[in-house]
Every structure is written in structure tokens, then in C-alpha cells.
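Please go over the structures that come below.
You will see chain A twice below: alongside chain B first, and alongside chain C after that.
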Partner chain A sequence: MTMLTLAKPRTRPLIGWRVRKLLIGYSYLVPAALCMLATVVVPIMLAIKMSLYADILYKPQDYRFIGLGNYVRLVEDPVFWLTLRNSVVWVFGSVSLQFVFGFAGALLLQQAFTGRALVRTLTLLPWIIPGVVVGLIWEWLYQPNYGVINDILIRVGLMQERVAWLSSPDLAMAAVVFTNVWRGIPFFVIMLLAGLQAVPDELYEAAHVDGAGVFARFWHITLPLLRPIIVVATATRIIWTFNYADLIFVMTGGGPANATQITSTYTLLQAYSSLDFGYAGALSVVLLLVMLAFTWLYLRTTKGLEDTE
Partner chain B sequence: MDERISLSRRKLLHALTGTGVIAAADLAWWDAPFIAPRKAWGAEPVRFQWSVPEPTRIALMNSLVERFNQSQKDFAVQIEYVPQAQARQKLISAITGGSPPDLCQVWDNWVGQFNGMGAVEDITARAKSWKHYADVAPTAWQTVTINNQIISLPLAVTLDGIYYRTDRLKELGLKEPTPDWTWDEFLVVAKAFTRADKNQYGYGMRGSGSWALLYPSEFAYANGAEVLKDGKVAINSKEAIDAFAWYLDLALRHKVTPPSAATDGFVEIVEAFGRGVTSMYQHNSGSSGQQKKNVGVDKFATLPLPIGPANKRASFWFSETLTMFKGAKNKEGAWQFMTFMLDEEPSLKYNTALGLLPARKSILDRPEFSRDPALAGFVQSFPIGIVSPYLAYPGWGGKIDSDGVPLIQQAMLGKISARECLDRFADILKKEMM
Partner chain C sequence: MTRRAAPKDLAERLLSGPMVWIGLALLTAFALGPFIWMFLTSLKDRQELYATPLQYLPVHPTFENYIDAWTSPVTPFSRFFLNSLWVCSVTMVATTMVSVLAGYAIARFRFAGRDALLLIFLATQMFPSVLLIAPLLTQWRALGLIDTYQALIYSNFSFTVPFTVWMMVGYFSSIPRDLEESAMIDGCNHFGALCRIVLPLAAPGIAATAIFAFVVSWSELLFAISFTTETSMRTLSAGLLYMVGQYEVQWGQLSAGVILSTVPVAVLFSFLQRHLIHGLTAGAVKG
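Right after this comes the complex of A and B.
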């Protein structure tokens, strides 16, 4: 006698395999997400909350919710607008010159010459030195009374009198921007050199055969192929420079007379000199919004680049 | 065997001991080996935050702490060194985070802010029953007293005076200024010292840090002005404006200051004098040790600030304090160490090594301070010493840095007048009185 076994229908799982697969994927992200939450999102939320309160540390009795009071004060604060203007000069002055000289450096180091490896290594030096040390070194170089820069310029006859580079409101910003350019050039050199090395030689050879000159090859081959790197490097550098307060803090402390005060150094001053954490919180939130705007632009541009690849 | 060249074991030991004694005598006090009974296990720790960690101070503090730890068996002080530039931020973060050290070394202009935060321990009862209470100068107690509560022990006190180059005076054939010199005499000397073509200037004016405003404020007192009069801000009075204008003219009109003055801070004014760029500068006794090394003991001296048109003068007192926090876990240990640091030997060694002045009168009267020409100007300034008026409100210290310094820098550069500078500064101070 043959026994027939009826196949039992499989019990349907509570969660479909597609959802389960998705959940497993997301569960791998949970530790990283928690870390991000604790170290980025929560502090940002706390800073936003802080900006809505009168929070002067030595006046705990006055601690209270004031809504947008700190933001109103910020709009009416002429020093804030000055720092914002200074920030724009600081960021775009620094990054544009870093890019130009960095690109020139990368093109130079792409050429074959004796001692190229050594020169490439030396180029990195300004980037390797910590920002605070760079600030101290250049502060002494600029020193009007016994600094090397004045001494050399007077000796070669380019100047008659000593110039107080960091003490003159007209020169101080240019001087700190110059230092930042010196420090940031290696970043662009490295990034663009890596990009240049990835450009196939065949393209240049073919263009050369077709009669393209040096400028035409640069314009029609080098620049378009380096565009993704240029965009990424410039955008990240803009964001870093906007937040970068070390150099100015060490070299001028924002002076003279706020001539080099940028928004990030002004935030530090409000937080740790005036102990006005509410106002410093409002300044931080404005900085965050500016950064978000840059990040949005950056993401939009890089998305466009990905789509074209 | 020739007896004259033989070296017995006894002779060798004698020679070695002699060499050791000579070597030890050559060591600084704090570098010398300290031999004492070992401390007991289980001593309760005392967390002590210490800023200004430059090599001499580190060696000195390590030695003093070791001596304290070996001198008793109940407490063990542990030093936490913090760079001076970050010390205030670290303390603020620790206080707001609820984990301050038991004890810290801070300047009295910070203590007001910390006290406003409700973080500082009231030590009035302990201080008044302390055996050396009456020996501490009354003005030193004033610098650490807020609302009739003593909140710190004054470890060292500072007063501002004028450093000047005695050797250059002789070179120029000028008469040595006397302690009762006047503004006019000060200006004559400053002008005589100035030779811009040789990169030499008469006066190292300070344009950076809180003291950029405090120094001209001292000059304002010499013109009969006050920062706070009858409970109201008076820093923009006519007397103050005139005094500030006279002070600013040193840079703008007479050009006896280096071109970098608007951003010169403590390091720059001290270095400029040490390198011969300036021949006078205003500072407390704290840089006298450095100038002894840089310029030479016999090439400079100090004087009190000059007498102004009102036939007055004032020098602001500041104290380097030892301050205990309310959140301290070991208050008794902290107090024991605070009082140890003001004992005769630690106080004497600390102050002589660093060129500071002790808060205790009996120690200040010792020849190490009273007969040192580099300190003469500061010792002579005691009768004109007043507690800094900027300690009156806890918010003023921070506002000087954030708002006052940019204003005085603008005035030093001729962008705004003395009147505009002081009117705006007075408004800022008034807001912080509420």
C-alpha cells in the first residue's frame, strides 16, 4: 500500500524576504548611525537649543528661553557682519590662490626632471606641519622689528621702512591669507597630481598628432578630465577653510581692530572670553547653515559629475 | 710606590663626595634631590590644575608638590598641567561638565567669572582662622574677596611698573629718572630712546590682551580719572579721555612705540625689550627674571608708573591665586596644599624663582625682594597699588577681551578718537553691570 503524504503549505514568514534583506542591511549601519547620532546630531541639536536661550555662564540666574533673541542680536551686531565679510575674503582669497598655485605646482611636478621625488616630498612640508606651528613660524617671520621678511625686503631695496604686516588693518588679512595659501598649496598639488597621472598619455599623443598646441591640450584634455577632482578638492577646501580658525587665532587673535576676525574666531571669542554660550550658539548655527549651503552645492555638483561618468 | 700619586679608597670617596656637593650646590633649589620619609600608602588624591607650564615652573611645581606629598601622609597632590592659553577654557568646560579639579591656579580676573558661575568654594572661615591671615597684605585679600567672601588664597601678587634700560640712559647722557618722575619726564626719556632709523623705540606699548586696556587705564588714574565712581561707570570722564589721548599720542603723534604696537602682546613687548628694540615697557615683575637673562642684571632697572597731571598715580594689583571649587572631592587636602604653598619656604622659592612678589608681608620684606633693583619699582609701587577696578563685575573681564581690546586697537591705529573709544567702552561696561 502506498502512503501518500500531502505537502504541507509553508507557513508564510511574518516579514517578507525583501524586507528582511533590507532590515539586515540597515542593521549593519546601526552602530555607525548611533555613533553619528551621539557625536554629530545630538551636539548640533544641543547647540541649536543653546542658541535659543540667554546662557551666559557667569549669570546662571538669568538663564531663560529667549526664542530668537540671540539671532536678532546677531543681525544687529555690526561685528558679526564684518566677520562674515572677512570670512568670505579669507575663504575665497585663500582657496582661489591655493588652487592656482597648486595647479601650477602639480603641472610642474608632472614633468620629468632630476630630483623630482625629493621635490615632491618637500612640497608636502607645509601641509604636514600643524596649523598652530605654522601660525607661530609666520608670526615671527612677519615680526616688524626682527622678522626675516622685513629684513630681506629692506636689504634688497624693495622697502625703505619696516612694515608691521600683522598690525596694519590694511595688510593683516592679506598676510594671514598668504600664510594660509602657503600652507594649502600642497593639498591641491597632491590632489591634482594624482588626477594628472590618471590622464592617459595616448590622448595627449593623439592631440599632438592632430596639431593641438600646449594650451589646446591643456584646455581640451587636462581641464575636462580633472574637473571631478577640481570640484571635490575645491569644495572640501572651502568648507575646511571656513571653519579653520587656528592660523588667525595664533597670528593676530582676530586683530588689529577686528581686521582679521572671521566668524569662527568670533564664535570662540564669544564663548570663551565673554562666556556667552547662547550667542556663541547662535553664531555656530549660522556657521552651520553656511556650511550646509556649501555642502548642498558640493553634493549637487558631484552628483552631476557622477551622472556624466 | 710614590705616595703622592696614590689614590686610596678613602681619598676617592672624599673626592666623589666633594664633587657631589659642588654639583648639588650648583643645581637650582627645585632640581636638587629631596630626601624625606616615604609617604604612606592610601593618601587621598588632590587634583590640582596648573597652567603656565614653562620649564622652570614645571620643575618648581613638581618639586613643591613632592615636598608637600612627603611632608604628610594623608594627601597626595596630583598636578594636571594645562597650557595657559587653554587653561580657562578647560576649567569652564570642567565646571559646566560637573567635574572641576579640587584646586586650580588662576588669575583673580578669572575667579570673578567662576564665582558668578557658582563654582568657587567660599573659604572665608578657613582663611580667617589660618595662622598667616594677618600677614597677608590687605590689598591682596581685597583682590580675592567678592561680596565679603574670600574665594581664593593669593599665591603671588603683581603690580605694574616701568622697565627701562639704564645702559642706554648712560650712553645718551641722560639723567637717571627718580621714583617720583612725571609724565613729562617719561615722555622726554621715551623720545630720547627713540631712533626709528636704528629700529629703536622709547616705549613698548601693548595692543593685545586685556592689559592693552589696563595700562592706559592706570595712566587715567594718574590724571584723576576712575573706572567706577559712586557705583557708576566713569571711564569716559574728561580726565580719562585726556589721559587716554595723551597715552595714544605716544604712538600716533610722538611715534615712540614700535609700528607693531597695535598687536603686540605680552610676549612681543617682553621680547622687544630683551632684543633692544624698545628701551621702556610697562609690565609687572613677572618678566624681570627673563630680562636679567636677556638684557643683563646691570643694564636695566624698574620704576613705579610716572605721576600724572593730577599729581596722582595708581598701579593695579592682581593676584595669582589658588582657588578651590565647590565641586572639589577633597577640600581638606586642597586647603592643606594651599596653605603649604604660602608657608615661608615654598612662597619664598616660588616668588624668587619666577620674579613675582609674595602676598605675605613678612616674606616681601626679605632682602631677596626689597634689595633687588629689578624689583625696586614694584616694591616702591605698593603704596600706590589699588585693586583693579575691572574686577568689580564678573562680566567685565571677558568684555575687555572681546570688545575693549578691538576698541583700543582702533584708537591706537587712529581709526577712532580716545573719546569714541571710551564712550563705546563705557556703554559695554554699563550693560554688564545689570
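Right after this comes the complex of A and C.
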């Protein structure tokens, strides 16, 4: 390029600086684009293609194009519909309780007291440790014979007999949801605490002077000002919880008798245990569509919030 | 302030006094209780572990579970630990390099498709990794990468890159352009300006983001169990799960393993809590 510009010194350079700047910009994006292409974009295309084939890893002789066959199977599969219902319970139970306790935690940690930084760090712990660790800790706590939860509940007289929390169809879902609540509270504490700290003190003082009680101030000042962050935190949490498979996979594997099987663990089991990639592909497409719908809804809601500000 | 504040009502006095302390105590106990129980378990020998009635405190605390877990030939925890360390470190370094470049480009260059690209990076953060298991497994098998570190490291990019790029854009946008422009007038090219001016200024943020990439890779489970079959290739998360699958569950060793896998992330996290929280909430809080 240098040679070209030397040869024709008076004409414009072959590539103008504006274009060159753009090219540099694009070249910086190449590595990230390649990463996303290889680990997200191509795999999604592959999943869509898989969903149109009979593709079971240990039956290579049966591999063939079957059109929407896997989707027909999906619609006729009662377990799939059960997993959707279970997902609703799992998401709604987890997120609503995480929100309530997280909000309470944020209000508590907003108070000034000595050792606040330490308490804040400690209460965040459940959120940062690996999901498999969370699952194993709670499996041990729920253990029927040697678990501390049964022991405490019997000692204080709330229960007469030991309960097999994770292997009883009636209790298993509640048990995994409770574990997920334990794990997710810190997320809401962080988000809502950040929101609380952005509320100017003058507003509270003014309302106080005007005689507004503590509940009135919460209702008329804190809640409205926190609305944007509540929407963002709740929406991201809903999407994330819907997709989250680790905890249930570790604790119950979707059992007993699919009592805790949610759509994401079902997808995982089809790919990981049954090695039925065609069916797993179809389930993946369903997960993808649900996620896109949620994301679209989320972007629309947050955009609406920006417009009203 | 000439006006005096209204007197506190009863609800307020209760809420600001004893209620706060009770609440804080409950919150801390709830968050830490399970960890403390796991730690106590890890110090008990077999007899104390399975005593009826339940024995809460270890009478003869022992570190045997830790030694057993670390040196066990069936479930070699030391090997799992090193695997995780390697996979997460490489993921961290590679992710950071990739996302520094991309974040800088998005923050500084105006080009067609910039907003769309940002949206893609935001949306992929929400991406379910379950969805990627079947296709990635097929892909890695075709490339002969099953039971290699590469398969795990590449797969980790699917969730680390979108997040770190997003955070980098934020850090770079907050650095004034004038500094780079004057450096470029003095003869630096873009890349030189990035290395000499922008990177040093953004260093704390970049470090926090890098460690975040490490921490989330440390938690990764599904890729690790799907793309490895040999015990010697398992990461910590996969190894812990593998310990459960062996014969009867060795809760003593397992609890030691749980504590050992928790400590590194807990330490890292406490160092950069402030940065991460800022990064996480930056997009959500305005003003």
C-alpha cells in the first residue's frame, strides 16, 4: 500500500482514511466474531438441522431426514408438556421468593452499621459458588437419615418422622425450588441495593418532614424509583432460571418420576443420557423460541420504561 | 434545615431498631448455615458422620477427608483441581484478549451494524448452554476434540465472550477520547494508542472482568461432563459429580471437596466485589 501511494503521490490513496479506520475497527472484531460463530451461531444452526433428522448416536444406521417428525413426537410426548408445567412452577416459585427475600435483604443491608461490608460479602457467597456445589450441599442437608434439616425439624417438633425430601414426588419440587431461592437471593440483593443507593436522601427527608410514615415512603418513593431496576432484574432472572439445568440435574436428575423435570433438564437428558440428538435438537429449538420471546418482551418493556423517563 | 423532622412513629422505631438486627442475623445465618454445616461435616470421621442421633460438632476434628479426597486414586481431586485451573486460566486469558479488542472497536468506531452487534452480545448472555450441548458434542466429535482441554476452553467462550465484551464496552466508553487522539497526533497508530493509553487506564476494570471470566468457567458443569469421558480429564465440577456416582456417596470426602472448590472463587470474588457489582448493575441503574 505504501508503494501504491508512492507511485501516485498526487491522487487520493487507494483506501481512504475513513475506510481504513473502519477496516481496522472490523479487524478488531474478527476474533470475537469467530468465537461467537464457532460456539454459538454454528451450533444453533446445527441444532436446527439436527431437529429435522432421526439422529440417535448409537443407531447410526437409522440416521435419515424426517422433516418435522421430532416436533410431532414432541407435541405427542406427555412428558414434554409436564416439563413445561414444571418449568412454570420452578421459575415462578424461585423468582418470586428470591425477589421478596432479596428485597428484604437489600433494605437491611442498606442500613449503616459496623461490619456492613463483611456481612455483604458473606451473604453473597451462595451466589458465586458453582451450581454443582450448591446442589451437593443441599443434597446433604436434605439427606433422609443424616441430614440436618430433618433433624432440626424433628427436634423443634414440626415433624414426627424423617422425610425423604428429594425422593418424594410431592416434596421434591419444593425442595429444589428452596435451594434455588437460597442461591438466587444475593442476585436480587445486589441489584436492588444498587438501586436503593441511587435514591437521593433528600426525597426521604422531604417526605419525612411532610409527615409520611415509613410505609408511605416505601410505597411512594422507593418502589416507583426502583421500578426500572426491578423490571430488569426480574426479567433477566426469569430467563436465566428457565434455562438453568445444573441444580436439578445434580440434585434429582429430574426425578422422582419426572416430578422435577423442567424443559431444560429434559433437553439435557435427551442429549446427554439418551444421546437422542434429533429430539434434543427439537427441544433446543423450543428453548430458543421461548428465550427469544422472553428477550423480546424484556427489550420492549425496558424500552417503554426509557421512553417514560 | 430550619424545619424539624417529624417525630418517628412506632413502626419506624421498630423497623430501625431490633427488627434490623434480627433480620440481619437471620439473613447471615441463612446464607452461611449450609456452608458451616458442610465445613463441620468435612472435619468428622466416618463414625461421627453417620452417628445417630446426629452429632453436630466434630469431637475429634480431623483433616483426613481432605487428604483422602486430594490423593484418592479413584476420584483424584488434585487432578480435577489442576484441570480446572488450566481450563479456567486459558479461558480467562483468551477471553480477555478477544473481548478487549472487540470492546474497544465497539466503543470507539462507528460502523454499520454496531447496535445489532451489541444486541447480539446482550442476548447471547442469556443463552441456555443446554441448547448447545448436542450440537457442540457433534462438532467436537467431528473435530476429534473429545477429552481435550481445547473442547472445554472453546465451549466456555460461548458464555464468557458475550459478557466480557459487554463489560469492556462500558469501561472503554468511560475513558475520554482526547487522550488517544493526542497520542495519535503524536504518531501512535490505533493499536499503539490502545496499548499505551487506553489499556493502562482501563486496567482495573479489565482485571475484574478477566477474573469474572475465570469464576464463571470454574462453575461450568454441563460442558465438562458432556465433552470428557476420562476421569483424568474431569474438571472440579464434573469431578464432584463423578464422586457422587461412585459406589456409595462418600460424604466426608465430598464435603472436603466442596469446601476446596468453594475457597478459590470466594477469595477471588471478595477482592473484586466492588468492580463486579458496578459492572453488573451499570446497565440497569440510571443516574
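Note that in this section the second predicted complex is superposed on the first by the 269 of 309 C-alpha atoms of A that agree within 3 Å, B and C clash if a C-alpha of one lies under 4 Å from a C-alpha of the other, contacts with A are read in each partner's own complex, and residues count from 1 in each chain.
Definition applied: contacts are C-beta pairs under 8 Å (C-beta built on N, C-alpha and C of every residue); 3 or more make two chains touch, one makes a residue touch a chain.
Predicted, not measured: the structure shown is a model, and the values here were computed from it.
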Clash or fit (per the criteria above) of chain B with chain C on chain A | clash
Max touched-residue count on chain A (chain B vs chain C) belongs to chain C
Name the contact category of A:Ser274: first (chain B only), second (chain C only), both, or neither.
-> first
What is the contact status of A:Tyr146 with respect to chain B (first) and chain C (second): first, second, both, or neither?
-> both
After lining up the shared chain so the two structures overlap, which partner does A:Ala106 touch, if you call chain B first and chain C second: first, second, both or neither?
-> neither
Does the superposition put A:Leu97 against chain B (first), chain C (second), both, or neither?
-> neither
Go through the superposed model and pick first if A:Met291 touches only chain B, second if only chain C, both, or neither.
-> second
If you stack the two complexes on chain A, which partner ends up touching A:Ser167: first (chain B), second (chain C), both, or neither?
-> first
Applying the touch criterion given at the start, work out whether A:Ile56 contacts chain B, chain C, both or neither, answering first, second, both or neither.
-> first
Is A:Gly253 touching the first partner chain B, the second partner chain C, both, or neither of them?
-> first
Segment of chain B intruding into chain C (one of 26-34, 80-88 or 368-376) | 80-88
Please identify the positions on chain A that touch both chain B and chain C, taking each partner from its own complex.
-> 143, 145-146, 270, 272
Can you name the residues of chain B that touch chain A in the complex?
-> 88-89, 92, 95-96, 112-118, 199, 207-208, 258-265, 268, 272, 275, 277, 394-395, 398-399, 401-402, 405-407, 409-410, 412-413, 415
Complex contact set, residues of chain A against chain B = 56-60, 79, 143-146, 162-164, 166-169, 172, 252-258, 261, 269-270, 272-276
In the complex of these two chains, what residues of chain C are touching chain A?
-> 3, 5-6, 9, 11-12, 15-16, 20, 23-24, 27-28, 30-32, 34-35, 37-38, 41, 49-50, 52-54, 56, 97-99, 101-102, 104-106, 108-109, 111, 117, 120, 123-124, 126-139, 154-155, 157-158, 161-162, 165, 190-191, 215, 218-222, 225-226, 236-237, 240-241, 244, 251, 254-255, 258, 261-262, 265-266, 269-270, 273, 277, 280-281, 283-287
Residue numbers on chain A that touch chain C, as the complex places them = 21-22, 24-26, 28-29, 31-33, 35-36, 38-40, 42-44, 46-47, 50, 104-105, 108-109, 111, 113, 119-126, 128-133, 136-141, 143, 145-146, 148, 151, 182, 185-186, 190-191, 194-195, 198, 205, 208-211, 213-215, 228-229, 232-233, 236, 239-240, 242-243, 245-246, 249-250, 264-265, 267-268, 270-272, 277, 280-281, 284, 287-288, 291-292, 294-295, 309
